[in-house]
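To keep things simple, chains are lettered A, B, C and D as they appear, and every chain counts its residues starting from 1.
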Amino acid sequence: MLEAIKEEVWKQNLELPKHGLVKFTWGNVSAMDRESGYFVIKPSGVSYEDLKPSDMVVVDLDNNIIEGELNPSSDTPTHAILYKQFPELGGIVHTHSTWATAWAESGVDVMPMGTTHADTFYGSVPCTRYLTQEEIDSGYEHETGNVIAETFRERELGILDVPAILLHGHGPFTWGKDAKSAVYNAVVLEEICKMNLLARQINSYATELPQRVLDKHYLRKHGKDAYYGQK
Amino acid sequence: MLEAIKEEVWKQNLELPKHGLVKFTWGNVSAMDRESGYFVIKPSGVSYEDLKPSDMVVVDLDNNIIEGELNPSSDTPTHAILYKQFPELGGIVHTHSTWATAWAESGVDVMPMGTTHADTFYGSVPCTRYLTQEEIDSGYEHETGNVIAETFRERELGILDVPAILLHGHGPFTWGKDAKSAVYNAVVLEEICKMNLLARQINSYATELPQRVLDKHYLRKHGKDAYYGQK
Amino acid sequence: MLEAIKEEVWKQNLELPKHGLVKFTWGNVSAMDRESGYFVIKPSGVSYEDLKPSDMVVVDLDNNIIEGELNPSSDTPTHAILYKQFPELGGIVHTHSTWATAWAESGVDVMPMGTTHADTFYGSVPCTRYLTQEEIDSGYEHETGNVIAETFRERELGILDVPAILLHGHGPFTWGKDAKSAVYNAVVLEEICKMNLLARQINSYATELPQRVLDKHYLRKHGKDAYYGQK
Amino acid sequence: MLEAIKEEVWKQNLELPKHGLVKFTWGNVSAMDRESGYFVIKPSGVSYEDLKPSDMVVVDLDNNIIEGELNPSSDTPTHAILYKQFPELGGIVHTHSTWATAWAESGVDVMPMGTTHADTFYGSVPCTRYLTQEEIDSGYEHETGNVIAETFRERELGILDVPAILLHGHGPFTWGKDAKSAVYNAVVLEEICKMNLLARQINSYATELPQRVLDKHYLRKHGKDAYYGQK
């Protein structure tokens, strides 16, 4: 079942090492099929070289394995809660990419410093709080998803306007309307995390991108008046 | 028409990912044909793997498409204004290369710290001001070109003496007598942006290159007394 | 003799340049055979391209060459003392990988800043003291092993709970139940050394990972309640 | 003439881009033939892809071209003066490698922070002064060689004990008993320049390597009691 999605999820998982975002098995991509209510995700701890499309695991939104021989990614409950709470999402990516993970460890938001940021993220990429002991005990990966949702709700951010988050002390999650755009957003996030630190090292008084330039760049690529790319 | 130039522009566009200057479609190269008054530029948002010479778009200096099936780069009006205002230019490059973009985000000029800089740029590479709301509204990409021209005029810089600029909060543009030298200058700019930050991190009191060494290195490679390379 | 182990040690040595951990001959991997009491190690100063499985040297725990045409790694006595003092060890790696070596030169422990650390190391990776003149004179490489053992003893650390150390002014050693896991730990150490510096550069007030998250991540991958990966 | 040396110089020039030490034509390797009194050097401004062994230029110590169709490297007079003043030298390398060039721009010596340094350089790698206007006018590349010699003389350093120097505001020169070891030293210099900055960024109070460890590491690889590698 869901053979085309398995093929796509497999392919997008392979994009992660190709873009230098993962070492070993430190990353996973999933894609949601809204019709069936199931999503497809990478198996846990299987190396990218050995991965086949048929290894992908089909899971429902309550983390039941619907099809597959292998255990799904240990982060599956985080993916599930995000798909459940945000119907706009079609694909999710988690990595430990170097620069985004360093930002997650630093515990601060990634403020927009330039148009490379503004072309993809409409404002700061937020960093969550740490999970409490109670949350860890009651289901770490599930509660991780809840903390992501809480952060977007409290900050009143549109889930596709800022398609990324940093988990404090852990690393980035990105998402999109499908798996491919979630991977794209993971690459952009890694790059802006690098650029932002460098910009502040060059000039520690460097300012955030003015709102007017942020608006211009985000909106020339997104929304009804976008004019970047081909029709 | 302009088949040789299309081939060259296509080839020089492919140099950008080869030198690690672009991710996805984040860059474009154009070349000017002064005889016809047209220039040739990469299409917008097309990935480098899929690019063919016949995809290149022929445009006039008022941004009219003369030939081509695809939309030209969204940065086309910036290229057009530069070709119009500076008759010496034969090629232009725009990228979001990591280190030069970080410098653009920092908002400061790239001062000459060493001979790697002086071999190509005869003095600091300037960083522009941000565009105003009025400029953004009246034609963002066109006004971007005007801000570049303004910066060179106000600072009384020769356009080929310092063949590069940083757009504050955006990224670098480089140029040259042809597309190939514009790409060369983009590579040099990225490298000196990296070296300059590192030099100041090693020794925050490090001084700019003395004028006498800047002169010597620039002039052994440029002008009538140059003696670097083969005849 | 020990042909399977020679093959494995050869293969794991080749992983070091593949993961970007060594230049030239600056690294070595060994594996212990507890049954015979011998270990197998890379020959000294032989380049990775020229290495063959039959070049691997069989040594006993008193540094006697049991089999092999070539001199074993000059670090052999360090490996021997570690295998002698820690019966849990099956593989040991030494490299001069860039970021871990820089941390070793800085002389400070690598504190846990994130879950990338916690997934592999259960607490700070310690940095040793320098060796004294007496220790250097009495047998530098042998005493290096003793200083590693002293550090773990004094800090009351489990050798497999924190399978790595930094030698002050020198570089990292990592280990594991076999050569493959020792190489894995060398890759992780390099990555967290990079992430930790970056995290503190982004936010110099960034805090260590809370103990509760360290516990959760280490224990979901290690010990009897681990649930990461396949059975 | 000198066909074997031409082949070797060509081969060692190709090592520079392979080790990531040069972009475009920014580097050159030469080798000295003491018997004939001539040295062989890369032609000026020829790209590494196009280079053939027969392109190498044979020059005498007064910079006369003895054989070759092409102009020799513009840095030829620097090589010549070094071969003349230091009879121990058999090979010389000049690059603009990123980290060593940044150190040269910073204007400070590379102090020994670890054994990666001590294995190759017996003490700090010195940084020269800038050249004066008079020196630039009287023969820039020739006087560059004289400033290198002056630096070693004034600091009373053995030319093969510390086989490298940084030219203030320019970049590194390295050398050795032959071209291959000069290239090796260029790779090591680049690596320690990177490690040293990182070590001080991790811990700005980090200390230099104690003399006793410097001695131990340098002497286990160099001199009559060396025991690293194969006989």
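The definition used in the following text is that a contact is a pair of C-beta atoms (placed from the backbone, for glycine too) under 8 Å apart; a residue touches a chain by one contact, two chains touch by 3 or more.
Bear in mind the structure is a predicted one, so any value in this text is a computation, not a measurement.
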- Task: Tell me which chains count as touching both chain B and chain D.
- Result: none
- Note on the structure: In contact with chain A as well as chain C, sorted by label, we have none
- Look at both sides of the chain C and chain D contact and report whether the same residue positions are involved, with over half shared, or different ones. different
- Item | Identity of the chain that, by mean CA position, is farthest from chain A | D
- Find the geometric centre of each of chain A and chain D from their Cα atoms only, then give the gap between the two centres in Å, rounded to an integer. 46
- Message: Just the number, please: Cα centre separation of chain A and chain B in whole Å.
- Response: 33
- Item | Residues within chain B bordering two or more other chains | 201
- Would you please name all pairs of chains that touch? A-B, A-C, B-D, C-D
- Where on chain A does chain B make contact in their complex? 113-116, 184, 187, 191, 194-196, 198-203, 206-207, 209-210, 212-213, 216, 220, 227-231
- Could you pull out which chain B residues touch chain A in their complex? 23-26, 43-46, 70-71, 74, 96, 98-99, 101-108, 130-131, 133, 136, 140, 169-171, 197, 201
